[in-house]
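Across the two complexes that follow, chain A remains constant while its partner is chain B and subsequently chain C.
Moving on, here comes the complex of A and B:
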């Protein structure tokens, strides 16, 4: 078996806060392969962005990786020196399309100057080479190559987003982390951005970790997905397997929250409450308080990932004590439609 | 970026403002209660000599004639005579303005440089002890009256340590030695440097807080902007990231520095008085007390002209440094 592009292995990230130690990500594991768009879904506050920042080694000052490992092509990023990580991996290997990337560009520098500075931090390309590459990247995302000399404020929101993608492509990374890349865009722009991302993936074989709260986007764009709830991984597996047979009550609720066009009056699933903040180190299922089928076990023992029963996929894990029961229940619900 | 049209319209505005200031000052001082004539009467001048004075100085003409004459003379680089000294205003004020300028301009500039660094330092450590204490110290320094700082320095370094002269600009011996040399020769002496040190330090120390606090606040604002995270994830070195932050944080200084520089033209009365520095500030106070309108009008006009012109330059510079500004115009 070949080494996956990105392996997250039992990762736990905590933040020091005034209220004590907050566990933002707890015991999360999944893999992203090259040439795939991998979806990471969760509500706001579920730890998606923390996970992204942990991967790229840019957690906020009060955050730290407690345990676990992040491997990139077999290299443990978590044990690299900061200097080596910065110089060799950031942007060079792992690029990032930030949340709200329309505000992320430096307003005082021309785009081509920002590109040049980033390129020269990691490579010894000449200015002409960088310029040429950046123009081609602009072309690839549907922007006029001549506009590389402009400032961010001369672009519309969607164009800034695409300029950011062009910057992400500049050094030909193997992995792009896209953190809510389309949240601020209208549906048409959203679709365009994903079309560009997918074209780029097909051409270069880059792996994309797509972080979003929008399950429909994941269903459309990704082959595999992971569902995060309050820092715990609820379910991970191929999109088709999870769509057909959700093995975690949270995933089921999320899928049940889509309106059915043929039956608009059907009750939608409503998820009560908020994901809890884990300030006591965990040791229980974080979904237990919102779960319709939780038992005493759920509140005292943290579930471990296990292969989903009767799933068409060999790689479909669920982190639920009661997934066997749920699955039967879930299948019957689906049949009755 | 900076279009010809933009420069042209701003230049036109600038010229208009300069004319407006000149006119405003002329009429403003004539509308004020009291004039040099009142002072003459108060000092016991008889009606005949006052009549002669009015006749000689053209004060019997209607105001608009006086204004026209003033404007024409001014355009010919003639700001009139000082009523109390009967000397051309320009001859009277130019040495004073020079003295003030060479003291205040470098001091304010240095306070911006040092203050910028201090502000950046305590801004980047705002969560720590050092940041809090630094802020406290700055506010303390900023609330000291400048004459107090001056007196303190004189007490410490002149009276007690005996390192520097207590006041004045050059010693009488030096003035005597260079009586026949060019006018700027005394400024090149070590004696001048010794006299220069304390007032210079006083100004730098006293006015440090202003750019420091501005930079601190703007630095904190800047570190919250999202481009920081982008640059971090993009793997820029901490140094390169700091450089970008400083560029952003120093934007407000482009506007504020010229405003602080007006002190270099109008003088710092308290500092000049404490150190007995023969600057324009002292002379201005004298001129106001004796209703010496030509002098006051001229100095005020120079200050106003400096503000107007520097704003014009700032607008142009800003357009270059921050591309977002001129684009909206």
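Moving on, here comes the complex of A and C:
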């Protein structure tokens, strides 16, 4: 077996807050392979951005990795010094497109100058090489190469987002972490951005960790996905296996909550409440208070990932005490279309 | 009680009527003029050509008092619940504000009813909260309560769920849907996402650069979209099904490129079905009494030399060309 591009292994991340220690990511494990788009979904506050920042070594100052390991091509990133990570991995190996990043491009600096700055911090490429590469990256994301000399404000929202992707591609990383890259865009622009991202993946074999709250996007773009709820991994596996037979009540509800243009009259599943904030160290299922089939066990014992019953995939895991029950009832849930 | 029909004409070539108990959707990309339409309807922008009539009277003829009544009866819910609520006001204060503006008494009861209607329960627990103590979905509910507290007959909603999680979106949409029935509201719902429009609205208008290019009952529009732009908007929506084989949108670019100055079809520069006929601006055609489209694919005259002309029964053709 080859080493996966990215391994998240039993990762727990906490923040110090006035209300106590907040567990934002709790014992999460999954792998992203080269040449795949891996989807990480969950409602706001479920810990998606925290996970991304942990990978990239950019946690907010009150946050820290409590336990677990993050490995990139087998190298434990969690034990590298920040300095070494920044020099050897950031941008050249792992590029990060932070949430809302199209608004964080420096408005006073031309895009090509921003690219040059990144390249000079991380490589010894000449200015001419950088310029050439950046123009090619612009072309790859469907922007006119000549426009590298413009300022961010001359671009529309979708163009800025594509410029961000071009920046991420600049040093030809093997992994791109894209945090909600299309959430602020309209559907046409979103579709255009994904077309470019997918073309780039096919051409270069880059692996993408796609973070989004939009399960529809994940169902279309990704081969595998992980579902987070209040920092816990609810379910992970191939999108088809999860779609055919969701083994966690949260995943099942999420799947039903999305409007489908093919069936505008369908009732939408309603998810009451929000993911709770875990400030007591956890030790229970974070979905228990919202779960229709929770028992006393769910409120007192944290579930561990189990192989999903009768799933065609051995990488399909669910973290639910009641998944066997759910599965019995849900045998025929596959929506017939 | 049969309120008067509220027929509204705004922007350029937009005609639509908002009727009690009906939600009308406006869809289009960012920059298509959806929000300007809403501003015109809300009386925030002046009408440029055409007229907005309200209760049978053009708003242009309104006196101060008429405007006051209009502002009470027509309410707006904005896109961003993080910006539209004053961070210093509690839920109670935020909802009381419009009542104070319109000097309405028995506030306490009205506020409670409004909060009850948007399903923030128990009501007492929410009244003293500040926006930062609420989730995005709860804030949007407060914005809706604030709009409803004046018991309007018209609600204009500008992408009210686009900033929210999809699970929350479903909650808000289903709540809006029951409110429309219960309160007999006339709703205009603006969005770029035709799938949420499909869920909420009875009828839809597709807008491109300030013009309505197609309008129809929702199911008809989703099932048999006629305008190439409507098709593009539907095709671009991701489908929550890994087996679905959706083709990606063929549209490139964004709606601008000086299109407003063109004499031809505004969508001409991006249209996959463009023909020489598109050099002229298409007139709206009724495919069905309730389904109208402005596109040369559906006009009856020959569109160009190569176009196949379907003979119209009874039409006499003279001796050749």
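Operating definition for what follows: the second predicted complex is superposed on the first by the 322 of 337 C-alpha atoms of A that agree within 3 Å, B and C clash if a C-alpha of one lies under 4 Å from a C-alpha of the other, contacts with A are read in each partner's own complex, and residues count from 1 in each chain.
Definition applied: contacts are C-beta pairs under 8 Å (C-beta built on N, C-alpha and C of every residue); 3 or more make two chains touch, one makes a residue touch a chain.
The structure displayed is predicted, hence computed values, not measured ones.
Between chain B and chain C, more residues of chain A are touched by C.
In the superposition on chain A, A:187 makes contact with chain C only, not with chain B. When the two structures are aligned on the shared chain, A:243 is found in touch with chain C, with no touch to chain B.
By the touch criterion defined above, A:56 lies against chain B but remains apart from chain C after alignment on the C-alpha atoms of chain A. Of the two partner chains, neither chain B nor chain C is touched by A:19. Contacts of A:270 after superposition: chain C is touched, whereas chain B is not reached. In the superposition on chain A, A:296 makes contact with neither chain B nor chain C. Within the superposed three-chain model, A:118 lies in touch with chain B and out of touch with chain C [touch as defined at top]. The intersection of chain A residues touching chain B with those touching chain C, taken from the two complexes, is empty.
The residues of chain C lying in touch with chain A in their complex are 29-31, 135-137, 165-171, 173-174, 192-196, 198-199, 218-219, 222, 232-234, 236-244, 246, 248-249, 251-252, 254.
Interface residues of chain A facing chain C in the complex, by the touch rule stated above, are 43-44, 142, 156-159, 185-192, 194-195, 213-217, 219-221, 239-240, 243, 253-255, 257-262, 264-265, 268-272, 274, 335, 337.
Of all the residues in chain A, the ones that touch chain B in their complex are 56, 58, 86-87, 89-92, 96, 98, 100-101, 103-109, 117-118, 121-122, 151, 153-154, 167. Interface residues of chain B facing chain A in the complex, by the touch rule stated above, are 225-227, 229-237, 240, 244, 247-248, 321-324, 327.
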